[in-house]
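Each chain carries a letter (A, B, C and D) given by its place in the written order, and its residues are counted from 1.
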């Protein structure tokens, strides 16, 4: 029912502002994410990237501005309604249901797809059973899609970190979102895992046709997958452009460097990563 | 197959569980409801159920302690067998009464049961006991319906030593109308079945005699500040306040009454639940002038102080309310009846017929008890039912002694 | 460009509210309106009935402030502990009962020793000290048994343990001290009354009210000015971070419990002085009321605890006269708990941060 | 002073002390426990109940066990050799016994009773064990008995594992048989009399001494044989409950009321009722994570609905069959759940606990009030409720009503299981684990909580309906806050989110205390101690939900 034109923006953010008490976390954020694209958000720690994510997914209430998904306003709606509009997300520090198994986690992700009513569940009707069976198959399919088919019966909290990240993506994808928002999906991953992640994101966009927005510090990953990049700095948008434009932008490098000198614990990767990412990008384009 | 077996088994169980005592002959005794045989040297088991936990704990513990003192006063034995009181907890709820009664009814050695404290428990419990052929002598269950002439068959085995609410209410009305000549009365109950019922009975009687109930208020037993409700009452200008609530509430009421303007001259009349030394402690100096409706014990006034003394020695504290005396009387009534119908054989075994015991209990006449002379009527009301108005005249707890403090002022 | 687009499509306030709201919001609004209507109709009816004189209402207010001071004292202890641990100490009311009994025995001892007669002014501090010491001890024991072992696990264990401790305290006290009502001694000078604005107020009630203020001031001083207070605030804010910067979290929590227990002891003794008699079962529901007062005022906020206590007391004293009277209900004071708890529920639903508190409920969630 | 004794017994700090000091400390702890036991009046009360007829009373047994445990612990210290360990135990026992001696002496020498009501001459007499009160002999025998008991405790600990366990099993069997005399005696009454009239197993209060000795050896032998068999099969002797355990438990639950008496059936009936409520709260708390302390309100709604619909009394609004009233009660309780749930469910955690507590109290006060008494009977309740009829049979006996409750409990368990494994059950679990994330996955938190609350309320309503039919009358006094606390405790003790846990919890918290109903005045004291102890020993519950177990093993 929602057919997106490839060129029209799927997500439109205008004048977004969020203040915690007197502290302004973000202001004047305008953001357009094209349907079917992979859009990265980068910026130093504390630049307001996750706050913007949280505003879009209704985790926090924006102080001002508006957010539209496919032309419909979604700001101010409760999180589950936003989710029902087709936004799914993952979290900076993985938030799975730790005491549920892999498949259970993915089944929860299908919550709004399942139609069987409460009474059908109690009576165990044919439709309910068919639907449950189909849901399980679908869950297994998505576990397979993200590359952890063997984790179906493991408790989420007992899985290795990388698998937890993948499980989180499977849980988000299984609900057929229009837009998937990944908050630092490559955090804590080694280069091999990073490459696999790039591949996964490509497939998400390519095979499933889901628009992807990601926050990422690993420039290798960002430059490999993003079509457009928005750079945040100190709560506002510094600039936006294609990976090539961003890499050439003096202000971006300055922002990273400037932060580096003033801050105690920023992401170590970016400074070296920005130049190092170029071959990867070229390889991809070629 | 398995399920069928189970079904058959449960049917069998249903049949077995079906009530109905049959005539039985054991030793020298034949009885329509069954016979309890007590071996040589074995104790005579008397059941008891009262509120041992929950909100009415004080009263329930008091009652069974009263019964224990009675057994001691009886020499601790009847017909050469020691007496054992098997006290259970009835919690002052219907389900508590039912469970305790079921437990007692399951014990074939239980001869008679004392209790319970509350009418709700009696309503659920007494029929269960009677189905097992066991008579019960209630201590604190005062609901009139329990001994009404049209009560269901299940309550035939139910007797009580505490007079029912109607009697005490009627006496209080008589005092208010004939002696005090008051027209406007306020009442307070605390939401317990006992106080509510008593207050309603009083209101009905009093209105019938031409009086006016100017305020009919209720509090909760956990309330500590009664001044708002007293202010409300004061606005209606009653001449007296009738409130059969328990010790804590009476304490707060009397202490706070004088802080409310307009009630200084209003007398408070309490119920027999506070016929104890503890109300003196609870109300402090304000107890002076407080009147209560309680059994007239003048015939046996030497007994009561002795009872309080024995009680205090045994349990470290004096009775908290007035109901321990009924506990004593219930036990005395039961033991006297057992003594009358028990038959021993040559080997020293004791046999007690249940029907015979019930008849002996019902036939009680002029038995001297702590609360007066006990006489059972055809419906199981055995209470002495001679009431008096007592007035406290000293705030010294150690002075508690019916006759001196509180002093009988009517009739 | 975006500026003009925004202003052109800016919907009205109502339309905006409608867009943002879900069915839950509609129902909550309906409840708000319903409750407000109930209260207003009752209020109008109550005032129109004219049962009470203005003097009566002044009296009601005074009664409310008295019981409110007691609630406030309990709430102060509650709020200290809750502010730090974010756990309900279900046994707090029973700690108060223990403090009350300790005060009673101390008073008995002092009386036997002749201290009461010789130095009547010394009696109150000594009795209070006994109550505080006992309260603090029991409270520390509760911390040790019910809270410390479960500090780092998210479970119901502390709640269950605290309920268990509440039973243990009540019934152990019943076994040890007996069931009877105990009269609390007055200390000569406390037996009198003072006249104020045409009212005759018994001195203990004034003492209770003043004590609530003093205790509040003392606690505020501790929390704001001392090292311990600083550590407490740090632990309340973030336990792990506090530990990282070298604060002995366990010691701080123990100290908090001790202070909370001591406050309960004060509440117990003052309660007994005002209401003159105590029993072993008196603590539980007073504790619940105290907690309600703490929530009402905004949990974790000391001033809020005082305010909440007074408001709750006033609501219970005035509510039946003002609101229920309007519905001509029989025995309206039997329903005063409906007003008290009703207020608690309404506050929790519509203003979980309480009258003065910050939005802790949401923050914690 | 009294408070110090209570608290000091809990102050178990792990500091290195010399073994002897450690033994003295243990002795003092045990002594404090003994003194507290005596001073709360429990000793005197339990002294009236014999465990072994004419030999050991319940209070003596409890005291012996306390010292036994102290001796056991004192001798456990790995640093010392056997003789030193035994010496430690003896010291601990001596000290513990001496504490009691001091108490006896104090009771007679000083009047403690103005403060401590139980410190009576009667207590001193009971503690003098037949000797002249507080005589030298009486005072001296207590430490000696203590030392002996502690020594036995130490010896049992030092026995080879199998033998020690067998001894403990034997002891446990004797104690169980003695404590639950009424249950076992009623079972024996139904069996043909094998032992003859002169060899009764049970006396009027407890086991007969001969039977106790026989039982001890039988149980010990059984334990030995079982362990041998288990070892032979190569398995480690298992403790705790397993799948066969569950089958046995269920079989016991179904059959026990058949082979015993009405009292056991009555207790089983109460257990089944609490199971019903427990499963309701399990949906709310175990699955959806909603702490509800006002649960009893829905129980009351169910009970009052049946009362109003099935009573032949004056307040009845209809006189229909129980089978018509039951669904109405369930639906009304569910509706009540929905009405209350809506506003309060936006509140979380402890706040929710308090909000629901408030709601429960509001309902109780309203039901009790004079304002509503023309409709609900006020404190006089509603009486003369008809018993259910089934094919012309009146379900009246506790056994019949027990099976009614059990069938309902079965249905409810079935529904719970089905829901747990459906979309809504997963949504509840997800909400409990992480509400924000669940919401971001499209789960409407209020709607799914509300559903949990409504279903929980419906189950409680069913329990209330059976309750009304069972008792035949309803009074507001039956719907106290305590009921809610009881149900909550059942869940936590049994294991949150676990259906078998509900069963186990109900048996432990409702069934066992009922069998000791005669000690009602100490019921809540022991209840409180049990709750605290349970949380310390096994906080995840007796029968944790399967996934929790899996987690424990895996991590």
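Here is the rule we use: contacts are C-beta pairs under 8 Å (C-beta built on N, C-alpha and C of every residue); 3 or more make two chains touch, one makes a residue touch a chain.
If you want to know which protein each chain is, UniProt gives these names: A = ABC transporter ATP-binding protein; B = Branched-chain amino acid ABC transporter substrate-binding protein; C, D = Branched-chain amino acid ABC transporter permease.
Bear in mind that the values here come from a model prediction, so they are computed numbers and not experimental data.
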Common touching chains of subunit D and subunit A: C
Greatest separation from subunit B - chain, by CA centre: A
Chain closest to the middle [Cα centroid of all protein chains]: D
Which of B-D and A-C has more C-beta pairs touching across its chains: B-D
Rounded Å distance between subunit A and subunit B, as computed from the means of their C-alpha atoms: 73
Approximate Å spacing (C-alpha centroids) for the pair subunit B, subunit D: 30
Euclidean distance of C-alpha centroids - subunit A vs subunit C, Å: 46
Gap in Å, rounded to a whole number, between the CA centres of subunit C and subunit B: 38
Multi-chain contact residues (two or more partners), subunit B: 55, 57, 61, 191, 216, 218, 220, 316-317
Residues of subunit A touching at least two other chains: 78
Two or more partner chains touched - positions in subunit C: 174, 178, 330-332, 334, 337
Pairwise chain contacts under the document criterion: A-C, A-D, B-C, B-D, C-D
In the complex with subunit D, residue positions of subunit B that touch it: 6, 9-10, 12-14, 17-19, 42-43, 45, 52-55, 57, 61, 84, 86-89, 91-95, 98-100, 102-103, 105-107, 109, 120, 123-124, 143, 189, 191-193, 196-197, 216, 218, 220, 313-317
Touching residues on subunit A, where the partner in the complex is subunit C: 14-15, 30, 66, 73, 76-78, 81
Residues of subunit C touching subunit A in the complex: 2, 5-6, 16, 19-20, 22
Touch list for subunit D against partner subunit B, complex: 48, 113, 116-122, 182, 186, 204, 254-255, 257-258, 261-267, 270, 365, 368-370, 378-381, 383, 393, 397-400, 403, 467, 470-478, 480, 482, 514, 517-521, 523-524
Touching residues on subunit D, where the partner in the complex is subunit C: 2-4, 6-7, 10-11, 36, 39-42, 114-118, 291, 342-344, 346-351, 353-355, 357-359, 361-362, 365-366, 368-371, 435, 446, 485, 488-489, 492, 496, 521-522, 524-525, 527-532, 534-536, 539
